[in-house]
Amino acid sequence: MAHQWGMVIDLDRCTGCAACVVACHAENNISTVGEDQAARGRAKHWIRVERYYEGEFPDVRVKFMPVLCQQCDAAPCEPVCPTFASYHTIEGLNGQVYNRCIGTRYCANACPYNVRFFNFYNPEWDKPLNLQLNPDVSVRSVGIMEKCTFCVQRIKASEIQAEAEKRAVKDGEIQPACVQSCSPHAMVFGDLSDPQSEVSRLARSSRGTKLLGELGTQPKVTYLQRESWHGAENA
Amino acid sequence: MAQKTPEQINEDLLRPLSGTSGRYLIVLAFLAGIVIAALCSFFWQVYAGLGVSGLRSPVFWGFYITNFVFWIGLSHAGTLISAILRLANATWRRPVTRCAEVITVFALSIGATFPVIHLGRPWLAFWLFPYPSERGIWPNIRSPLLWDFFAINTYLISSVTFLLLPMLPDLALVRDRAAGWKKKVYSVLALGWTGTPKQWNRLERAMHIMAIAVIPVAVSVHSIVSWDFAMAPVPMWHSTIFAPYFVAGAIFSGIAALILAMACLRKFLHLEEYLLPIHFENLGKLLLVMSLLWFYFVFAERLTAWYGNDPSEMTVFWVTQTGSFSPLFWLMVLCNFVIPFPLLAIKKTRTILGTSIASVTVVIGMWLERYLIIVPSLSHKYLPYSWGTYRPTWVELTITAGTFAAMVMLYMIFSKLVPIISIWELKVGLREEAHPAPALAPSHTQPNEVGAD
Amino acid sequence: MERRDFLKISAATGAVAALEGCGNPDHQLIRFVPEEDMLPGLATWKPSICTLCPAGCGMLVRVMQGEAEVVRNGQLGILKMGLPKKLEGNPAHPISHGRLCPRGQAGLQVTYHPDRIKTPLARSGPRGSGQFQEITWDEAMKQLLSHLTALQTSNEQGKIGFLTSPLRGQRKTIVHGFAAALKAAPPIEFAFLASRTIQEANAWSFGSDALPTVDLSHSNYLISFGADFLGTWNSPVAQSVGYGHMRNGRTGQPGKFVQVESRISQTGASADEWIPSQPGMDGVFALSLAHVILSEKLGTAGAAGHAGALIAGWSEGLPDYAPAAVEKQIGVPAATISRIAREAAANAPAVALIGDGPAAHTNGFFNALAVNALNAVLGSVGKPGGIVFSPVWTSQSGKPGAAEGKKDGESSVRTLAEQIHATPDSVKVLLVDGANPVFATPMAWRVREAFEKVPFIASFGSFIDETTVLADLILPDHSPLESWLDDSPESGSTKTVASLAPPAMQPLHNTRSMPDVLLDLAHQLGGPVAAALPWKTYDDALKIAFSSLQKQKGSVSATDADDFWTKVKDQGGWWSAEDKSVSLAAGKIPAAAVKNTAPQFDGSPDQFPFHFLPFASQLCYDGSLAHLPWMQESPDPLSTVMWGTWVEMNPRTAEKLAIKQGDTIEVASQHGSLRAPALIAPGIAPDVIAMPIGQGHTNFTRYASGRGANPISILAPMVESGTGSLAWAATRVKISHISEGKIVMFGASLTDASPELKHR
Amino acid sequence: MNALRSAGVNRDNIVVMSDEPFEEYSFGHAEPSVAMPWLAVLGGLVGGTGGFLLARLTQVAYPIVTGGMPIVAPFPTAIVTYELTMLGAVLTTIVTLLITAKIPKWKQELYDPEVTRGKILIAVIDPADDARADLEDRLRNAGADEIKSTGRFSAI
Amino acid sequence: MSRSNLGLKRCLRVTVFLGMIILVLSLLDRTSPAQDTAPPPQTMTQSSPIFTPAHRTVMDAVREFFGSRQKPVQPIAYTHKVHLANGMQCTDCHVGVDRGPDARIPSVNFCMTCHQVIATDKPEIKKLAAYRARGEDIPWQRVYGFLPSAHVKFNHAPHIRAGVDCAQCHGDMTKQTVAVRMVDHTMGFCVQCHREKNVSVDCVACHY
């Protein structure tokens, strides 16, 4: 069966350091939009670390939750796109075909996770910042919707490499930029269709939940809830 | 209606087509200015990118889609009213039908441009058309936007023909009076209409079928427009009530627009003898019914959301009810129900002026209603982290103003080119009053006692 | 730029570009012959070191072939060269374990920054105006040499000052060697977040003048007194990796993490329990914990050894730190204190950390010693799951040993400024490399006025910042990815680490690496200076220095020196084979046991009701990274603010002063005032006002200039009693509402807190 | 009208024009009523099958999985089919109207602008010469105002 | 034009295609062949503010929309025919085409290794030597390439490994002197070949 790429994010380990946010910008040629565009809500972060405060002072708890495209199996954003710019690939990813996108932005409205970002202006890199652009990832132009692709360029590269070496893709060989840069190992990426892979094992954990799973989107990202410490006061 | 010879009717109704007064030109120029400004701001948006508008994440739809739904809604009144009145053979319909059909055509053509205006890359809009390209790529039939494409085009074709067919006899009438190049133009337009009974018979029958066909198309168009929203899992969008709610809203705003148009025509083109208070009386009653229906739908939607108490739905509920959108919400209820209901319910106030005031408030109210369906739901979706408010910019305001100016301008130009009240229907009506037709059964079913051989 | 004239420009350039673009060679820039032979589209990974903070993480740089617009011998052209595209942690490196923090990932933007200084500059306008004109390297060297020789001849070498950021490895040897050989004043190393007080306390408690390595992956219980160890303190990446393991890396029950600070920091957000304590009372808190442990016989006083003996009243069981007694002082209920103490004792190995915040009070030194004592009594010093002092290798010692040698923190700049103000011509020539004291010191120290009095300032910086703008001559250094790098971090790994990395790319601009410039100067000065720095280039010096490591047992084994050198270069450094921690020598014996001294605060409580707590920003660190667009635009994890700064306050405080989210407020201390938008967050004590350090640059490239406000500028010049370093958390302020305002946030306003909302 | 017919003028030669439909008098010879509604229904069916095929086969020709839906999604296909059915119906009615009423022929030989003044024109196309006088007085006593003979015989 | 029978998928495409010919849109079909020079190097001199249009000039936009492109003018009239005749292989110059995505065009040094000695009298070789003397590389102009807005990521290596011959996509180079675009790399051309060899035609295979 074709790969079914998925991810597990352990909220118990995530420290909210936002290394994944910057690593994603570096890998996927995401442009910065400047202060006044960011003030108007047009900043693009394919992965963001959502922060929720709970409780009033002094017993306040903070929860971090990295949110990225969940590559849903029943994605609400796919059937609504009139030009098939957003569709479901064979390998279980939610493909975003930049050249087919005409910018109706319906997919972004349909997405309950708000993980789709629109190029309101033509992305701009003051020279020589453009030298940092990753040649494996296409640079989107104005009027195009973009979102996390699970670093599809890395998946492609590993698959081509594996094919060249006549072997299957090893579990853990493919690491999107965010998973690679996460210091507390909070994020694990792998093939859900292979039951022995680490991501499948973790996805079966009792702490596993799906973000907004009740909407029937069948997301491919499983969040492992925080465990409350229940140690004893005395040995 | 005072007894008028056909000759006098011709005189009265063709008078607007003659010279154009100075005042008319000034108003036309002013409106044209606004429309040009709107066009320029649209091209600026294409040149610079959608960033010039106020749209943002998560509110990706704003003024443009509000205008789209508003103008498509406005267009439903024309066909629905004239079609229903034709089928019901209501005698008072005769002067009203063409004004209504004209509103439909122009409102629809304006509304249909918005799916292109709001695109991020409008120059690729032709990808919606299912043409066989050598890449073997077809558009996505499952997308509500493609249903929009089919529905609006079907509706545009049918409503344009629904307007043009009854115009043929009047065009022939004008053709005979015109001279020079005008004669050539009108004779082309009139398709050589001579008025033989065969032609009349076919025209009547065709109009009859079209009336039957246009009503379901109109209802389907606006329910598809509502499904643009209902298909997306967004709080307060994803509900089954949207289709009937939008259709009711459409008819509601349509009737208001019709009353407004007729009031203006009556005042500026001095058609006092033809657009009688009885018309405003009847349309006023229709508006009253629709206002009640609209309130019923809003109440039903709010009740189910409130009672169900789903957290994300409740967020949008409270945001519109008491939160940052509440002034707009209560203004909408004021305009759509609180003002029109007493005005139209009391017989004394259901005059031309009364119904006009009610219609103005209803038009405003309905525009707000579309805005309040789209923006609050989008800005308060499931994850509170990424909520965001939306402020339109001058580009969107100019384009919205441009649409209203375009509507009035097109209407004024149309009333200069073609008699705004269909003359032959008026004459038939006149004659019927003189000696009413025998039974109610439509005549052509009677056996032809004469000449049947 | 007005829209109309932009249109004119774009139309003009458009026309030119259109002509020149169409497939005709003579309309395009000339192409230089590529120096490296690379396959386009294929990436090679080269080792490197992250120099953006003292942690010293080992990195891998993904280099791919690209076309860069460079100037080669005066002509602009296109060169196909290897360009770094992505930075990732070096999996083999014992500190980064293959990971990086957000700042590490943004190192690329330092190299490719549009406002980087491309050629040597000489000041052409009045000092501080920022007007420079480009000069060649020869002229620049000649000008600098003339100033140095002038002072040599009038043997006023003592008047040559050298101001750098904290240095390690060969770069430090060369800089100190140059200054010593020139008989100039000893170089001053300045960094705002130098954690000098903690190092001094460790020297006293455990005899090792360095920050501890925290072995979190084995610890079961962690009490952190204001230490942002998952964000900016000490070695964040290594500590995050350990923390991840501590949470649920091991079978069985996760370790508990208690954070003690008056404002929830980005690290505190992950804590199982947050205890808001009074500012400056961390030492008392630690000792009251120790009191409970000693009194309930959960640990013996003697076990603490020298670290415990330092504290007055230790042998008697710290009578005056009973929880009930200190409860009101530290603002934490006695029950909590004893519960935490019992939990810590029960769940060994338990470890306590102290961060920069609590150490930045007037009694910071006492707080640090108290926490060290608590650690000692918990028995977690030098043991797995506790704190360890990793041996450090320096080329002089030749072999790994305890960290020693005089290090100066931020206070050294204060003495320099006072010296210049006292005797104006005490410093004639000032060389500045990588330090920005004009921005990162309180205005009360008047560092800028002092620098303006120095006749000649030369800077090796790559960016025009608040200090470099005062320079008369700028000799731009390579960016880290373009230069030879070596580092021997003092903490982060139990192994001895000596990272080494060749340049990952050819230099983009007409810049030269600072050590090579110094070596060149030394050879031109001749005499003793040339003798002291015999190496021709920086990498020679490195080769010789690293050769002494060949004998040690470590990650690289090689037959001869050259083979060893190439292997170390390819691996990105050398690290010892097994974990060896430094044996605990008895530290300094103080004259008298250290007693608790209450923290003093600048400004009277009634006139300045709030404690002012600046904290290191997770993205802009201490302000040195504010010029990177990624750092400005990535939302700060807690406040989600982008492109700006904020003043954090408690919701009740805001209500009392009728301040709404985003309103512009004025924060005033006795030494200055600043304006910034207000951010209302539940996770801060009502009497504390917090502000991130990093923004408020007056002069720092297009992305950071004139953005936000700088909290350091209004700090009182309070000094830590023990070590003399700046007590930057000891200022009291008052706030007043100014006007409506705007704050750029990526997340929705904080008031709509969590998804469960009010119904009906 | 009956007078003319009784004079044996062939039904096709009599042309009647008026500026409003006189349904109730239905004089003149009603054409065999073309089954316009059935034509419309047929047009609708053709449009519908066209729509159904368009929807079905384009989805099959370019099989892209979206949102966990089947390749040929039933409801969208139904909607598109319905739309094109209605389009088919409307277009057929228009086409049948144009064809049966008249191919828009602009060379109009038998027409008199007077019709638009509210008069009804009854004309007989090239009657036999001898019968011209007889027809004229039949028309006259049927109340014709004015008789013109423009190469043709018409009476208003 | 009644669609009597359901017919096969293939037959539908032919009938619908014929029916659509009259539509003006078939003119736009020409836009689908995606071949254009890669964008000329970005030489926007002034510091570009956040807002600039997608294409630098309207002419650019129109040219890209209709996919028309200038004929490349090569600086040196390099003859593939002569080199291939002398027994050289494609991969001698285009090194690494079986390892990496791009077929590399060698630098002037590579050419000069032979042409320092061989045929140094020919005018073209003199031009070559002149470039080397000035320390400049030869500014070859791209012949093949995809529209930048098509976001196509073509990777030579898997194709070469799959045994696709160079001539299949680049035409028979033994007859060509200066390289000319013999085969239009349109999407149809690629998809058809992928379907024949039943290799994935998933959009993400090429567009990502």
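Every chain is named by a letter (A, B, C, D and E) in the order it is written, and numbering of its residues begins at 1.
As a working rule, contacts are C-beta pairs under 8 Å (C-beta built on N, C-alpha and C of every residue); 3 or more make two chains touch, one makes a residue touch a chain.
Here the structure is a predicted model, which means the values were calculated and not measured.
Peer 1: Report which interface contains more C-beta contacts, comparing B-E against A-C.
Peer 2: Result: the pair with more contacts is A-C.
Peer 1: Compare the CA centroid of chain D with every other chain's and tell me the farthest one.
Peer 2: Relative to chain D, the chain whose C-alpha centre sits farthest away is C.
Peer 1: On a CA-centroid basis, which chain has its centre farthest from chain B's?
Peer 2: The chain lying farthest from chain B is C.
Peer 1: Measuring from CA centroids, which chain ends up nearest the centre of the complete protein set?
Peer 2: So the chain nearest the centre of the shown protein is A.
Peer 1: Need the CA-centroid distance for the pair chain A / chain D, whole Å please.
Peer 2: Each chain's C-alpha centroid was found; their separation is 63 Å.
Peer 1: For chain B and chain D, what's the span in angstrom between their mean Cα positions?
Peer 2: Chain B and chain D have C-alpha centres separated by 28 Å.
Peer 1: Can you work out the whole-Å distance between the CA centroids of chain A and chain E?
Peer 2: 33
Peer 1: Distance between chain A and chain B based on Cα centroids, please, to the nearest Å.
Peer 2: The answer is 44 Å.
Peer 1: Which positions in chain B touch two or more other chains at once?
Peer 2: In chain B, 48-49, 51, 136-137, 139-140, 142-143, 146, 382-386, 388 touch at least two other chains.
Peer 1: Among all residues of chain C, which ones touch two or more of the remaining chains?
Peer 2: Within chain C, residues 41, 69, 114, 640, 702, 746-747, 753-755 contact more than one other chain.
Peer 1: Among the residues of chain A, pick out those that touch two or more other chains and give their numbers.
Peer 2: 33-34, 37, 48, 50-52, 76, 79-81, 84, 87, 100, 121-122, 126-127, 142-143
Peer 1: Once bound in the complex, which stretches of chain B touch chain E?
Peer 2: Against chain E, chain B makes touches at 47-49, 51, 123, 126, 129, 131-136.
Peer 1: Which positions of chain A touch chain C when the two form their complex?
Peer 2: 10, 12-19, 21-23, 25-27, 32-35, 38-39, 43, 45, 48-58, 60-62, 64, 126-129, 131-135, 177, 180-186, 227-235
Peer 1: Spell out the residues on chain D that touch chain A in their complex, using ranges where they run on.
Peer 2: 62, 64-69, 73
Peer 1: Would you mind writing out the residues of chain C in touch with chain E in their complex?
Peer 2: Going by the criterion above, the answer is residues 1, 6, 9-11, 13-15, 17-18, 20-25, 27-34, 39-42, 67, 69, 72, 77-78, 80, 114, 702.
Peer 1: Mind pulling up the chain E residues that touch chain C in the complex?
Peer 2: 37, 39-41, 43-47, 49, 51-53, 56-57, 59-60, 69-75, 95-96, 99-102, 104, 107-109, 132, 134-139, 141-142, 155
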